[in-house]
Amino acid sequence: MTWLLFAMAILLLGAMAVLLMGRPDRNVSWLGAGSVVIASVLGCVPVVQVLSGGSVEAVRVPWPVPFGEFFLELDPLTAWFLFPTLLLSALSAIYGVGYLRVWQGRRSLGPVWFYYCLLVLGMMLVLLARNAVLFLIAWELMALASFFLVTFEHERESVREAGWIYFVATHLGTAFLLAFFLLLGRETGSMDFTVWAEKGVPTSGPASILFLLAVIGFGTKAGFMPLHVWLPEAHPAAPSHVSALMSGVMIKTGIYGLLRALTFLGRPPLWWGWGLIAIGLSSGVLGVLFALAQHDLKRLLAYHSVENIGIITLGLGAGLLGVSTGSPVLIVLGFGGGLLHVVNHALFKGLLFLGAGSVLHGTGTREIDHLGGLLKRMPWTAATFLIGAVAISGLPPLNGFVSEFLIFLGAFKGGVSTGGAIAVPLFALVAGLALIGGLAVACFTKAFGIVFLGEPRSEHVSRAHEADWTMRLPMLLLAAGCVLIGLFAPVVVGSLKTVLESLTTLPPAVVSGNLAATTSPLSFVVLGAVIFLALLTVLVLLRRNLLARRRVEADVTWGCGYAQPTARMQYTASSFAQPLTDLFGLLLGTKKKITPPRGIFPEEATLKTVTPDISSEEMYRPIFERVNEWLSQLRWVQHGKVQLYVLYIAVTLIVLLIWGLR
Amino acid sequence: MMTNLILVLVVLTNLKLLGSSRLGASIRVVAAQGVMLGLLPVLAHVHELSLHLAALAVGTVALKGVVFPWLLFRALREAEVTREVEPYVGYITSILVGLAALAASFWLGGRLPVSTVEPSSLLVPSALFSILAGLFLIVARKRAVNQVLGFLVLENGIYTFGVGIVAETPFLVELGVLLDAFVAVFVMGIAVYHINREFDHIEVDRLDRLKG
Amino acid sequence: MKHEALLWLLILVPAVTGALALRLRSARTILGAMCAGVGISVALGWYVAGKVLLSGPVSAGAEWLYLDALSAYNLVVMLLIYGLSSAYALVYFRAELREGHLTLKQARLFASLWCGALAAMTLVFISNNLGIMWVGIEATTLLTGFLICVHVTGESLEAMWKYILICSVGVAFAFMGTLLVGASAHGLGLSAPEVLLWTRLQAHAGSLNPACLKAAFIFLLVGYGTKAGLAPMHNWLPDAHSQAPAPVSAIFSGFMLNTALYCVMRYVPIVEAGTGNTGWGLRLLTGFGLISILVAAAFILFQHDLKRLLAYHSVEHIGIITLGVGLGGLGTFAALFHTLNHSLCKTLAFFAAGRLGQMFGTHDMRKLAGVMRVAPVWGMGLFGSLLALIGVAPFALFMSELQILKAAVDSRAILALVLFLFGAGVVFVGALGHAIPLAWGKTASTVQPARAGTLETLLVVVPLVFLLVLGLWMPGPLQTALNAAADVIRHVSPALAGSPGGIMP
Amino acid sequence: MNTLSFIPLLLALTLSPLLPGVINRTKAFFAGRHGQPLLQTYFDLWKLLKKGAVYSRTTTWIFRAGPIIGLAAALTAGMLMPLGKCPALLAFPADFLLFAGLLGLVRFFTVVAALDTGSSFEGMGASREVFFSALTEPALFIALATLARQTGQLSLSTMFGSVSNAHWLHSGPVLGLVVLALMIVLLAENSRIPVDDPNTHLELTMIHEVMVLDHSGPDFAFILYTAALKLWMLGALVLGVVLPFSSGNPWLDLALALGGMFGLAVVIGVVESVMARLRLLFVPQLLIGAGAVAAVALILTLR
């Protein structure tokens, strides 16, 4: 734990230092990034220690704040979430050095790095805190820091708007958490997580209310479907390395919180599992559908975060069903799959956001339909982005496939043997996950294909240049991570053992038994992957030999006889996704603005599509408007006539007198 | 005996105020009311008449009977107004409301178990009635002067209550109260004067620029 | 004996300074003298209050003057605010002198009234006699009345008129209540000088006449509540706050409201004991608190004038404090803590609003935008204080509100919890919507950036740091002080004494 | 794994190009033509492997990688697919997940390779490909789920191994529905009529064919072979459900399975001869229908 305390101290010092240092920005960046990297390295030591079965003593320091205690503990669950957090924080920090260079001189970079360090610190504290007050403070610190990071480019109206939405969403979420923690505190007479975990809530107690509060509160941060509105706003607005951090790990603190909360709430009734699966399905399917309809690259990725949170939630839901029916298979595979996907998503979503960042950095636009042919100009970014895309589509041999494999396997194993009440949701999960997979492939073939392949669609591309090494290195490492987890799946899954033991109350033997039942097929999967790669090399060589002695020419793309194909003729992101968006048009409510070609020699024809977020349009806007109207009724109270003001006082007095003396 | 007589008179003066539109008349009525109330403590404790009671009576009469009217008349002269412009509530209605308020104050007075020094069933109700009447004046009239008057009536009501019930109210407190009342009216007078000079009218309902 | 002298001095020093101010010849010297006088009384007051908080109540003048933990705590906060505001007044009026907006006459008026108000408020805190306490409040009202229109304009006059009229009426009710309290003590054989002494009444609280006491409390709550700005008696407040010069607004919402609320708190234990500890009075307080929060929320949502926005924030926070007291137990503790936090935060906000208003020449938030660029220091002050006001951690206000919420949950007042969270949520949505453009919006080209001097920077940084520190760390002394003060309100009745509000066991 | 389990792979590798031939001959027979030789696909492959290649200047390494990755994935998938009662080379719980994943990989790279050319036609084909496959995926999984539920097995080999007459007798309709769903999946995945018409040459209507317009030489050979393998494997998938009975002798079973496979090819041929290609608008309905059919089957098993 001393390591972690050191890490946090370094973060704090780094934050202060960058704030005080001011110019020159170059050194500021290095100072900020450096402190984050060092902190992460230090932090990883105990994390690895715990994940490999060791244990780290907790820190309990009295903290003179009512009901507060500076109580940090590193149990396997925390460690599991802390690892990707530290990793991605460090990599994004390195990336940030290069990414922020554009602003040097135009803007003091001190604050950015200050808030970046605070954000990392906040996330660490959230994961480590074992006292409700400390947790809440850390939670709010995290929100505040990320708010200031999101509003980095606050000259832009849209960014300010996004900042507002983000902060409002996260704060309203916190309101539910306040209720959650305080109610728990009342039920148990303590604000101490360990006490809560031991005592739990008597089933007579308001367990279900607490569950709902936790789902709403933490779900807002995680981005469950109806509560996700802030993601597609905040992620595009934030600087890309921050988007990577937020989408990669910050939203996972919501998942962490939900898991933590579940450990307090005792044996769950069946409907909790159903609820989580329902949430997972809606988030997953709708998330990927909305992503499909976007043509802003970062917005698209943001919606994919919603989708992946959905997948994780599906895992948790399956696990929860397992808990309430006492089926270890479901528990291990469900929670295991969910947890593994947390890490995987951190890797490939981080990677993809960094890639999107380099594209933005190089071309100055996030509009997919203005890009194209970038692969030639930014080969590294393209290659890594491709790996990320394959991984997030859940295709072998990369890591995305592994976690989804676990969840699928769990669902199948559970569904084959159990009764309808369990089997139905599980098979719904299977179908949904399959659909999600198919749509994800559609979405990322689009994203990668339109952005990096084909011919440039606008002059933005001509300016494009490959990112410098500070930006390439993190992407390469993350891509490597995706491949490695794919190839060493059994090992990684094995390392879930300690986590699952601490999370669930299952005896170690059961956990390891069920994990073994998973790792054996996984080893086959890996075998398959190896064979695949072997065949790949063989075929490459074969092709080389075949073509070696023959004529290989280059020409224009075959336009089916059309002599002058132009870049404008290419398929765009919108047209690529059009069949699917039309099919699901009812859900998406895509708005089209068309000027169709007219006459024999049409001058111009345009198509403009916007897909506003359904829940913010259909749900929040109406609610806010209703509340507005309702409250604005009160405004006549303050009409400026002093006589009536006095009248209020008189009436209040008389009414109270009559009430009091009746 | 005398007490009751005075109290009845107070009630009647209140009703008169509710009914009258001429500001000058209202000021005189309030002055009269002030004088009567000034005498009230003396009459209430004829037997143990003490120095501080006497002093208090003198002070009260001087203030409520002389100084306040003078201040208000000055304000009137500044503003060159003599009558209330059409009020929110007409005079007949006002009197009816007044009677209702009287009933209400009797009810409340009944519920309020205070043992008066000089037992009089009228004391508490009439005090409450003055308070309500004062409030009503403030709410229902438009001229600033009328609001000052309303405030004075309200003060009178509380004063009635004070002298009638807590005979032992420390002298210092009484003094402070009187002083405050004086300053209040003084301040209001100045305010009226300023308002008149700034807007050349003293109709409060037209002071509604600040809202929302 | 020594304390007696000090207590008297507490009132005399500002009074004398005020009188002196009327004699001086130049505006600068006047302001200087004013600050000196305030400084002295701050020193005195803190010394005495410290003594009290460490070693029990002191009384003087045949018990007419009395200082216990509750009043001492309030006195400390009040003097802190007054000190800051006086320093700020220098900054603020120096700017006005430069533009020649401030005549000698106005300066004299301001200084004397400023000191007079200080004397009056001090009187409120140190008087044991409820009548004198009332006199103090009334005096405050009348003295501050003129402060609103140091610059005589149509609006300021209108605001002053409303303020004077409404508050006089309200305070008159408060006096009625005071009398009724006295009446309820009838037949306890208390002699004339004793009958309105808080200590005496509190000693006999159990045997007071309940019906009388209830009526009394209603009158007091409505009366002092008017002065404290509880809805629906708050209507004077936005006008007065928006029209008064910034230092005055700071004092108004920084501590004058709390002074009135303090008077109500004084009566809470008596009433509770008198009505048999049924929580009758507390329910009233809770109700007023919640109504104030909701009403304020509605108006914050649609506000365009910065100072009015802040005024409505005051209504909200006074409501929160009242709610806390109404919840009792931990709530009382938290409410007192919140008093300090809110006062600090709100004064800072008004400081910033005032200076920025001078720079932009308006308080209309549709024109007043992008302050972070124009004036980084004051901009930070405004944005920071606004964030703190809407309950963003790790500022201290988050902490106190958290404890009040806890009090609500622990006493199973779920409705209060829900309404509070709803109100706070609306406030957050609305106020943040104002704050972001304020901080970063598009600035009109006419405004030229202004550098902030050391004093100004200090005036911004000190409160902010203070709030941050208090949010993350509550010093032991403060905690004991708060507990002592809270116990004054709640110790009488076991029904009130909830969890100690100390560190968790 | 015994030597026997290599057989399905070997058969797939060697005989899969025969299937298109069989289909074409059937169609030719219906059309009353003589038709192309049975081994046409082999000839094509041979010819293409000997040719050089023409690449568009637009294209990048992705375009060249597409066919290779596709073939590699298809070959790997071949190891997972049993033939009738004869287990696959690699059989493990939920191996069908890997199988589906690999097919997905094939699709992914076919599509990006198509987009690499920047041709609007290929873009269109790619768009339709992902569109339809996104819809077939759930159908496939629900069908497999039903099978798993029916047989209580989680590996393709064991599933097919344990499908018996008893199953057909006991819950024939369920299996029938599953077969139907899988059949539609097969037709869609291999872009046959009624979803797509492999031998039309009107680009606007094509899906798979149009995606590979620019490929030539060995690359195209790889693609053809991949397609043939895909057809074979999905055929085997259907076959596994259809063939319930196992004589004790594995070789006999294999022969039977082979017969079945070519029978299936004939059936496909018949379907292609008697049906017209659906309008693109109706394809989604067909595929969702397949999903619905599978779902019905699942519900029937669950009740």
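Letters are used for the chains, namely A, B, C and D, taken in the order the chains are written, and counting of residues starts over at 1 for each.
Just so it is clear, contacts are C-beta pairs under 8 Å (C-beta built on N, C-alpha and C of every residue); 3 or more make two chains touch, one makes a residue touch a chain.
Computed from a prediction, not measured in an experiment: that's the story for all the values here.
Engineer: Under the document's definition of touching, what chains do subunit A and subunit B have as common neighbours?
Structural biologist: C
Engineer: Using the touch rule from the top, point out the two chains with the most contacting C-beta pairs.
Structural biologist: A-D
Engineer: As a quick test, compute the distance in whole Å between the mean CA positions of subunit C and subunit D.
Structural biologist: Averaging C-alpha atoms per chain gives centres 79 Å apart.
Engineer: What whole-number Å value describes the gap between the mean CA coordinates of subunit B and subunit C?
Structural biologist: Computed value for the inter-centroid distance: 31 Å.
Engineer: Centroid of subunit B to centroid of subunit D, CA atoms only: how many Å?
Structural biologist: 100
Engineer: Any idea how many Å lie between the Cα centroids of subunit A and subunit D?
Structural biologist: Using C-alpha averages as centres, the distance is 36 Å.
Engineer: Touching two or more other chains, which residues of subunit D qualify?
Structural biologist: Correct list: empty.
Engineer: At least two partner chains per residue is the criterion; list those residues in subunit B.
Structural biologist: In subunit B, 111-112, 135, 138, 147, 204, 207-210, 212 touch at least two other chains.
Engineer: If a residue has to touch 2 or more other chains to count, which residues of subunit A qualify?
Structural biologist: Touching at least two other chains: 635, 638, 642, 646, 657, 661.
Engineer: Hey, which chains are touching each other here?
Structural biologist: Pairs satisfying the touch definition: A-B, A-C, A-D, B-C.
Engineer: In the complex of these two chains, what residues of subunit C are touching subunit A?
Structural biologist: Residues of subunit C touching subunit A: 161-162, 165-166, 169-170, 173, 211, 214-215, 217-219, 221-222, 226, 232-233, 235-236, 238, 284, 295, 297-299, 301-302, 330, 333-334, 387, 392-394, 398-399, 402-403, 405-406, 409-410, 412, 417, 421, 424-426, 428-429, 432-433, 436-437, 439-441, 471-476, 479, 501-504.
Engineer: Provide the residue numbers of subunit A that touch subunit B in the complex, in ascending order.
Structural biologist: Residues of subunit A touching subunit B: 635, 638-644, 646-647, 650, 654, 657-658, 661-662.
Engineer: Which bits of subunit A are touching subunit C when the two form their complex?
Structural biologist: Touching subunit C: residues 62-69, 133, 136-137, 139-141, 144, 151, 154-155, 160, 163-164, 167-168, 171-172, 175, 178-179, 182-183, 185-186, 190-191, 624, 627-628, 631-632, 634-635, 637-638, 642, 645-646, 648-649, 652-653, 656-657, 660-661 of subunit A.
Engineer: Considering the complex alone, what residue numbers of subunit D touch subunit A?
Structural biologist: Counting only subunit D, the residues touching subunit A are 49, 51-60, 62, 64, 68-69, 71-73, 75-76, 79-80, 90, 92-95, 97-98, 100-102, 104-105, 107-108, 111-112, 115-121, 123-124, 126-128, 130-131, 133-138, 140-142, 145, 148-149, 152, 154, 203, 213-214, 217-219, 222, 284, 291, 295, 298, 302-303.
Engineer: Over in the complex, which subunit A residues touch subunit D? Could you list them?
Structural biologist: Touching subunit D: residues 372-373, 375-376, 386, 390, 393-396, 401, 405, 408-409, 412-413, 415-417, 420, 423-424, 427, 430-435, 437-439, 441-442, 444-446, 448-450, 453-455, 517, 520-521, 524-525, 527-528, 531-533, 535-536, 539-540, 542-543, 546-547, 550-560, 565, 567, 569-571, 575-580, 583 of subunit A.
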